[in-house]
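Reviewing the structure listed below.
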Amino acid sequence: MIPEFDKNAAFIWASYALGAVMIGGAILTVMIKARLAQAELARTQARTEEARRK
Amino acid sequence: MFSWFANPHRFLTLSSWLAPICYALGALLIAWGLWQGLWIVPKDEYQGGDIMRVMFLHVPAAWLAMASYMGMAVMSFIWFIWRHEVADIAAKAIAPLGATWTALCLVTGSIWGKPTWGTWWQWDDARMMSVLFMFFLFLGYMALRGAMDTRQKAARAGAILAMVGAINVPLIKFSVDLFTSLHQDASVITVDGPKMAAVYLWPLLASGLGHSLLFAGLVMTLMQAEIWQRRAAQIRARLIAGD
Amino acid sequence: MSAAPIISAFRQALTEAWAGGAGALMPLGFFAGAAVLVPLGIGTDPNTLRAVGPGILWVALALASLVTLERIFQADVEDGALDLWLQTGAPASMIAAAKAFAHWLTAGLPLAILSPVFAVMFQAKADTSLLTHMGLYALGGLAFFFWGGVGAALSATVRRGGLLISLIALPLYVPTAIFGALAMSGGPGSTGAPLFLAASTLFALAVAPFAMGAALRLAAD
Amino acid sequence: MSIGALLSATDLGMIRGERILFRNVSLAAHAGDAIVLRGANGAGKTTLLRILAGLTRPETGKVDRSAPHHWIAHREGLKPHETPFTHLGLWARAWGTSAGQIDAVLDKMALIRPSGVSARHLSAGQRRRTALGRLLLQERPIWLLDEPLTALDADGRELLLGMISEHRMRGGAIIAAIHGDAGFDSTCEVMI
């Protein structure tokens, strides 16, 4: 199933592996950053509700 | 169209459905481009055999390096003139992602260059040199924004630098082309789109569009994160001020 | 819009650079560094030195501009002088251009004037080309000081601004460095290069002041 | 722009980072007025003065000045290499006024003796007097002063208060951020 490449196969797979790592890393950091920001906003809004009720 | 930039709330609703579409479509196109590029497309002896398959990752990254910087410069210009907050948020979100794809372009280019030119860094390749300096422009932008103490100053300083950088890109490109054209014998690899065989062209366009859509989705998600972060900060500030 | 404030800003920057004492000797420091350290580093074979010479001085010129520029706007912010200059009614871009020009006069030009000595030490033939090179170094140095001025103005309120200036200014220095070294190489394509160098300097003189002005207004905000 | 006002500001608002520094601050200075800005440290007095001077861009509101203004702030604007004589000379030339009156200004500010001493060796009071000397170089109706009394000795205070009352009598206006006793009767006080 994996395609056969000529003598430069190592270079091709290395590029795509690095591509996957860098793009994957970017996607991961963005998703984590978004989730953290959303959670922080929810927590802050909850705290203001409490403060207003008191 | 400009009012769209003005208000973060409208952007949140817009991006809530647009970002997932970009991710889905982008993933689809990248997968198809990859499948074609690595499995289906025949080897091209003239262009060094299988190694040219790296182009389905390298060329989209090169395109995004340039396009993302120009996008960042346009957003900076809109923010600098009309002070639409969303434009600044967009410029701030583009920078790290643009730098990532620019780095990816440099890395894949140097890996591609090793078997082709026998060196990890080919000084006489005009495109690689231009992308290298785009990378420094991104780093300078992020470093400057990071060094400023308030959000408003970071936005203004960043906007000035992005616009100055954008004005200089053509000059940098021209001087680099002149520099490399004098030293370089005819380069073996000429990857210019239209003349390429159709069988290579479609996967390349698909990969290019796929990466661009993925990039757009990530920018929108990063922008959402920034808007939520600012909202939380504003609520905390009001909490402290006690009103 | 009278020119009096701009001339005064120029005069203040000039006296500030000269008054620094070492300020006037700064280019000598850079010159000596390039002229002495490099041969020790890469060997003294005349051919390599002759080939490398012009390029080394371009690097020394670029670094000299970065070092002197870090202080010009940061000092004005700390002294409060920037607030006064921004209130004279003269455009901030002209004030910034006058200050950058003054610092070029005290640091960039002396290095260009000393370049023949450097060239001879790097085994260059002592002929009229040294004089034309002097002109090219002066011209290119002006572009370095104006683009570097943009980096300096943007990082005026940043504590260790020097690092930031070099990162910001590096890509902006590329065209001038390429055209300058090319104009001196005498190799293929070097006939037109001096004109491109002049063009890149004019471009810097036209664009950089506005960026510096906007950055100084931001620094005082 | 209320009628006859030298300087008027309408509902100025400023944000620092995410915190609201102050909101809807309005004031108008007419000939002879002296407005004193009061507030704790960090309340934003200096920022408000900088907005009135046009240095800082306010988040909301606007400022209209119908006459030139002087700016004396905590950082006096003296370069380390400048002496009182060269400093005042430079600004006289920059503002296009005659440099002949510098000696008179130095005399009035009691700076004749240190007139040739570079700023890095001057005392804080001498630096402050040099900066205040700029007020006499050119007649400008609006004076924006940020804690002008700091570092001044008793004579210095006396001198400044005299200058202020003369200025008000000549139809000038003063807006000053001051801690504690201002030493002159202010037209009104603005709390930040």
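Going in written order, the chains are labelled A, B, C and D, and every chain counts its residues from 1.
Following the convention adopted for this analysis, contacts are C-beta pairs under 8 Å (C-beta built on N, C-alpha and C of every residue); 3 or more make two chains touch, one makes a residue touch a chain.
If you want to know which protein each chain is, UniProt gives these names: A = Heme exporter protein D; B = Heme exporter protein C; C = Heme exporter protein B.
Keep in mind the model is a prediction, meaning the values are calculated, not measured.
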| item | value |
| --- | --- |
| Winner on C-beta contact pairs when B-D is weighed against C-D | C-D |
| For chain A paired with chain D, centre-to-centre distance based on mean C-alpha positions, whole Å | 53 |
| Between chain A and chain C, centroid-to-centroid distance (C-alpha), Å | 43 |
| Chain centre separation (chain B, chain D; CA means) in Å | 49 |
| Interchain centroid distance [CA atoms averaged], chain C/chain D, Å | 36 |
| For chain C, residues contacting two or more additional chains | 221 |
| All touching chain pairs, where touch follows the definition stated at the start | A-B, B-C, B-D, C-D |
| Chain D residues within the chain B interface of the complex | 15-20 |
| Complex contacts: residues of chain B adjacent to chain A | 34, 38-39, 43, 48-51, 53-54, 57-58, 61, 96-97, 100, 103-104, 107-108, 111-112, 114-115, 214, 218, 221-222, 224-226, 228-229, 231-232, 235-236, 238-239 |
| Complex contact set, residues of chain C against chain D | 2, 4-5, 7-9, 11-12, 15-16, 19-20, 75, 78-81, 83-84, 86-88, 220-221 |
| Chain C partner contacts - residues on chain D that touch it in the complex | 50, 53-57, 69, 71, 73-82, 86, 90-91, 93-96 |
| Parts of chain B lying in touch with chain C, wherever the complex brings them together | 133, 136-137, 139-140, 143-144, 147-149, 153, 156-157, 160-161, 163-165, 167-168, 171-172, 174-176, 178-179, 181-182 |
